[in-house]
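Structure below; questions to follow.
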Amino acid sequence: MIDIDPSDILVRYNVKMEKEMTPEEAAEDLYPKDSTVYPIAKAIFEGEEDDVVEGLEKAIDSGKDPISLIDEALMVGMRVVTKLYDEGVIFLPNVMMSADAMLAGIEYCKSQTSEVPEPKGKVVCHVAEGDVHDIGKNIVAALLRAAGYDVVDLGRDVPVDEVVAAVEKENPLMLTGTALMTTTMYAFKEINDKLMEKGYRIPFACGGGAVNQDFVSQYDLGVYGEEAADAPKMADFIKEHGDNIVKLREQFHRH
Amino acid sequence: MPVTRCTKMAYASADEMVFGKAVKPVKAGLGLEIGAGYTTPEVNYAPRPEAGESKEKLVKEYERITTDIMARMVQIGAPSVVLETEHVQQMSNNPEWGAAVAHAQKTIMEDYHDEYGIKCALRHTIGDIRESREYLELRGGNKYNVFMEAFEQCAQNGADMLAVESMGGKEVFDYAILRNDMPGVLYGIGVLGSMDMEMIWQDIASVAKKNNVIASGDTDCAQANTAMFIAGGLLDKNLAHTLAIIARSISAARSLVAYEAGAVGPGKDCGYENSIIKAIAGVPIAQEGKTSTCAHSDLMGNLTMQCCDLWSNESVEYHGEFGGTTVQCWAETLAYDCALMNVALDSGNEKMLRDMLAASDMYRDAQGYVLAYQNAYRVGQAIAKDGNDIYLRAKNAALESIKIVEEGARGKLELSRFESKALADAKAALEALTDDKEQFMSDCLTKYKEEVKVFKPENYGLK
Amino acid sequence: MPVTRCTKMAYASADEMVFGKAVKPVKAGLGLEIGAGYTTPEVNYAPRPEAGESKEKLVKEYERITTDIMARMVQIGAPSVVLETEHVQQMSNNPEWGAAVAHAQKTIMEDYHDEYGIKCALRHTIGDIRESREYLELRGGNKYNVFMEAFEQCAQNGADMLAVESMGGKEVFDYAILRNDMPGVLYGIGVLGSMDMEMIWQDIASVAKKNNVIASGDTDCAQANTAMFIAGGLLDKNLAHTLAIIARSISAARSLVAYEAGAVGPGKDCGYENSIIKAIAGVPIAQEGKTSTCAHSDLMGNLTMQCCDLWSNESVEYHGEFGGTTVQCWAETLAYDCALMNVALDSGNEKMLRDMLAASDMYRDAQGYVLAYQNAYRVGQAIAKDGNDIYLRAKNAALESIKIVEEGARGKLELSRFESKALADAKAALEALTDDKEQFMSDCLTKYKEEVKVFKPENYGLK
Amino acid sequence: MIDIDPSDILVRYNVKMEKEMTPEEAAEDLYPKDSTVYPIAKAIFEGEEDDVVEGLEKAIDSGKDPISLIDEALMVGMRVVTKLYDEGVIFLPNVMMSADAMLAGIEYCKSQTSEVPEPKGKVVCHVAEGDVHDIGKNIVAALLRAAGYDVVDLGRDVPVDEVVAAVEKENPLMLTGTALMTTTMYAFKEINDKLMEKGYRIPFACGGGAVNQDFVSQYDLGVYGEEAADAPKMADFIKEHGDNIVKLREQFHRH
């Protein structure tokens, strides 16, 4: 083998840029100080389902309302996670594990009362007809759930009419589509046209390897998303600013 | 076809491995020999979306693609070329579509071969269509029949080489990789993936033998490449690159099964595990890297050339560019890359070039470091050592790759703190595992049946 | 700026020339030094057609292009990058458009430089807008003023390097090349082209100096590249490749004028004459080849790398591919090519790699043979020998290239009968020419004024 | 330098494929045997203007009609040239020089009589607005002329409206456009739309580096041509089979 000085050839920008703080330290700064909420938020961050449930038990024992804990403890913990992910401090698997823990927590809270939590909003997710590449969609769905949205996951290789039917049935605030093949992404156009024909005007967030902004811009409801993390941001944007497609594109179209 | 496990290395030392030469070269198609002392471009392409509307349109599209490539190759004086057609689902689900495409392509290639003498061969990669909306449907039933029929018809109608990117184990893998669960990755790729491959490759090899074509190979695209893509570039934050390389190393133990079950190579381009496999099995391999940026980005654009026999662009959508159609542009770039390698071979400088290619990327991240040929060889040894135990050899591969990265990190390979931590966690989890295959399998069966709702053990003949 | 003719070689021997190192390296932009021991990718791009509709859209398009490239470069760990913006006509005809684009691009590049420390620089290539519907309008008048204003405004607003692909002589060249008229080619490129360059490059160098940016270089794109494209691939029948290389050799005598009039390099990517120029003037050069197939096909994809300092993709339309946007894909491929060259430089193997690159294509056709560095050097010597006489040096270059091809044909360079005949005819015509510049100029003036109706001698201050 | 065997690296397909016959021999086989026509055809092939005129002089002296010589001698010679170019036996500059010689011959014939030759048809050629790359267009124009067509060459960087005006004025059987830049080729669409609007339905042959078949297929009148030599073939096709765009595309679209 020949001997080289790697720094003449390449720069490890990730190593160079790594934050001084560890993820744990960064999270510590963000946890709420409240002593009942703190351990729950921390357990969410750490992705420890058992600790989450344990924390919730204690909080409920101390008189907290199970349903309000969803917003005041679980979501608070999850927001720490999302913030640190957006900042590049933690990685996706941490988010996934936190999401698992949070969902376990929600289930537990619901099991402790007959009240029903007020839903944040529904999103329908699917992978285009003819396409089996679904891990991207799975991430999208997980991140949406982690942000508190109700996800109706239609799976992969979903026929156009089923997608349209699901929108009619579920009345979601947003539809997402994933396609990794140029041969399958055209289904999005069809879905768009059928939705338009039936008078639906909901944002149709589209992403996945094959899909690009130019393509998505070609149909009325399309909003292109590059990363899975854009999906919950889009949903949040819709909740905050309404479902104006032009504004969504202004916000999320980067190319 | 019987399965013969690999328990020895095809090469006595890593240094013997170079591009363009394989211990077991493969003759294919029209005058071509792969791994016999020269490298050849392997051009890949995807039809324009509109072309999928009918069989006629699709055939026409592939005819254009084929003519464009062949025409450009003779224009620049390229001595040889391979075309790889990765089936779009219509072509595998309707085997006569795939057959029609293969026939149309081969007819054009024969014309060029007759007129110019250009050496060429056609690879068809059948889509792994064994799944339904919810679940994989890997064995038995109509899907499996159509799947095999697709191989058969392509073989009968002009395809010189058969390949597939099979999906066994992916339901478990997908769940595990998004949770840093490396034992789960080991189970998905190393155990379930290998079991599935053993079944299908015996069948594919029989089809190939019957039709006198080449059973070429498989790739762990569904898993190791998914890990690599999720890991992404240096600044992506979706998966530690130190975990992606563990998945990759495990995948070598899996993709090797094709050759144990009757395939002879060339391995598929996107199998970044192929350097390891070449070291063990001596088969020629296709690789992709800096000249497949049309299809994806990776961190070892040069390194993957180190011991390739075919050099591929992975895939590019057919459309126009200033310099011609995309397939012409990328085919030409590949051809020049091959010309450089062939000059090196002709002038006795192949090892020098190989070493420079490897050095270019082995410090770029942990993946390149482990796949650099001398380290890849070590992973191969770890596999061959317990070649008869699909579990143990995959676990060995994982642990050896961890060891290699640790060594690297003591030298010139920089790791971020985050990558080091992920590596240490993975090491602890993997070292804690049993050495007993049956034990591991039954533990995993219980665990993942519960956690992964789409996991159906019947797909692997389990329970 | 005064004109200083080159009458000596910058390199004592051909063997001293390698990629990544120039006798006179050039510092430019943000932390970059070109020709100082490493190679750098130079990424080129063309906006999508729709983007030209308004200034705002165009600026936005270039912002996206710039961000995409910079983002990909840091993702793969590339240490340096150059962006070249070749003006679309709107940007040169409205200098404030060009300025706005330069400013927008530079702002993004500064952000990346600040955040990641990536070395980078921005080249703006102004369009040579000095022509009307019928005629060239090379000197004086409003077109010339706008032309210079475009350089000025780009220089003031962020461009680190100024370049142009100037067109002097092309009306005569176009006529001559389509009629195998090599004396006419010599007149168009060697005499008229050089005269025009002398004028504009003194002015461009002054603008650069005033604004403290780099006057980089010119290329004979308008003529030698037109000849190369018309000659085309091996099977094209539009022009003998042996004639294309004569035009190319002459073009070296022409493009050299930039450096004699104050430019310092890096020479422009599409100047295939740049190896010759580097030999004479010692300036760093950009080159393109196997990684500019997006823009055109040529027969020396590897050879052009032999002594490049920047490595370019020439141009690609901005649009999406599976692997990202086109600029990302091609930038990445370039970056890996550069990594390989940089490994060679770092490990002391650069001459070996250079020789392999040259060997790859020097027998592919007569063009590669003459441009292989040791032969390119000889053409350089023929030019420098009579460096003070723009006619004689161009004629020397032509004759030397013929001699080199003849020698090659006695060895391993195969020529078709047709190519040999064209070469012999050209040799006879060129050898019959006078050695007296004034005589040649006045003969040509008479002849081409009559034959080429769009030729206006005033454009060159003649008659 | 290192020593290699080029045949391990590349194949000189052109050298390998070169025809046994020299171009002169091939041409000899094709010349008409008639002793007045033969020298004219041969002079055309050789691109010798003086010899062409000399041959014509002799033919006219021997009683031939100057105008009929255009078709019966000059065009015959030119057809030999075109055939050999199509077969790859001779190269473009030979065609250009023959075309020059033929045009000189036509001028001479016309000067010997007051008759006017019957025109074969008119073609308008131009380079798109904003684009200066014109050598491709020049070749197209030259080959059309060589095939006997009347060419109205509008030059380069031609505004859309001028192209439309020229079509209105000249009433050509075909319009050609050349564009080498993606930013300029869009003018073709505009020209198409304006022509359609005014009721013109003539084939609009488009070519040049930037242009591709997909693009040209997007507007009604567009026919894509890859090589300059396609232009006279298209014109011939129109004369023989009419100006049906669909049929033209079937014939000339290869990708």
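Per-chain numbering from 1; labels A, B, C and D assigned in written order.
Here, a contact is a pair of C-beta atoms (placed from the backbone, for glycine too) under 8 Å apart; a residue touches a chain by one contact, two chains touch by 3 or more.
Since the model is a prediction, treat every value here as computed from it, not as a measurement.
Looking at the partners of chain B and chain D together, the chains they share are C.
Each chain gets one centre point, the mean of its Cα atoms, and the points for chain A and chain C are 49 Å apart. Averaged C-alpha coordinates give centres for chain A and chain B that are 31 Å from one another.
Here the CA centre of chain A is 61 Å from the CA centre of chain D.
Chain B and chain C have CA centres that are 40 Å apart. In chain A, the residues touching two or more other chains are 2, 4, 9-10, 12-13, 17, 182. Looking at chain C, one finds that residues 46, 74, 77, 234-235, 317, 322, 339, 342-343, 347, 349, 352, 356, 359-361, 364 touch two or more other chains. Taken chain by chain, the contacts fit none of the simple shapes, being neither an open path, a ring, a star, nor a full set of pairwise contacts. Remark: the chains found to touch one another pair up as A-B, A-C, B-C, B-D, C-D. Of all residues in chain C, only 46-52, 88-90, 131, 133-134, 174, 177-180, 226, 230, 234-235, 237-240, 317, 352, 355-356, 358-361, 363-365, 374, 412, 414-418, 422 touch chain D in the complex they form. Residue ranges on chain B touching chain C, taken from their complex, read 46, 72, 74-77, 232-236, 289-297, 299, 301-302, 315-317, 321-324, 326, 328-330, 332-333, 335-337, 339-340, 342-344, 347, 349, 352-353, 356-357, 359-361, 364. Within the complex formed with chain B, the residues of chain D that make contact are 2-5, 8-13, 16-17, 182, 209-210, 212-215, 254-255. Put simply, chain B touches chain D in their complex at residues 38, 64, 67-68, 74, 76-79, 115-118, 319-320, 322, 325, 339, 342-343, 345-347, 349.
Considering their complex, residues 1-2, 4, 6, 9-10, 12-15, 17-18, 22-23, 85, 88, 90-94, 96-97, 100, 130, 132, 134-135, 138-139, 142, 155-158, 181-186 of chain D touch chain C.
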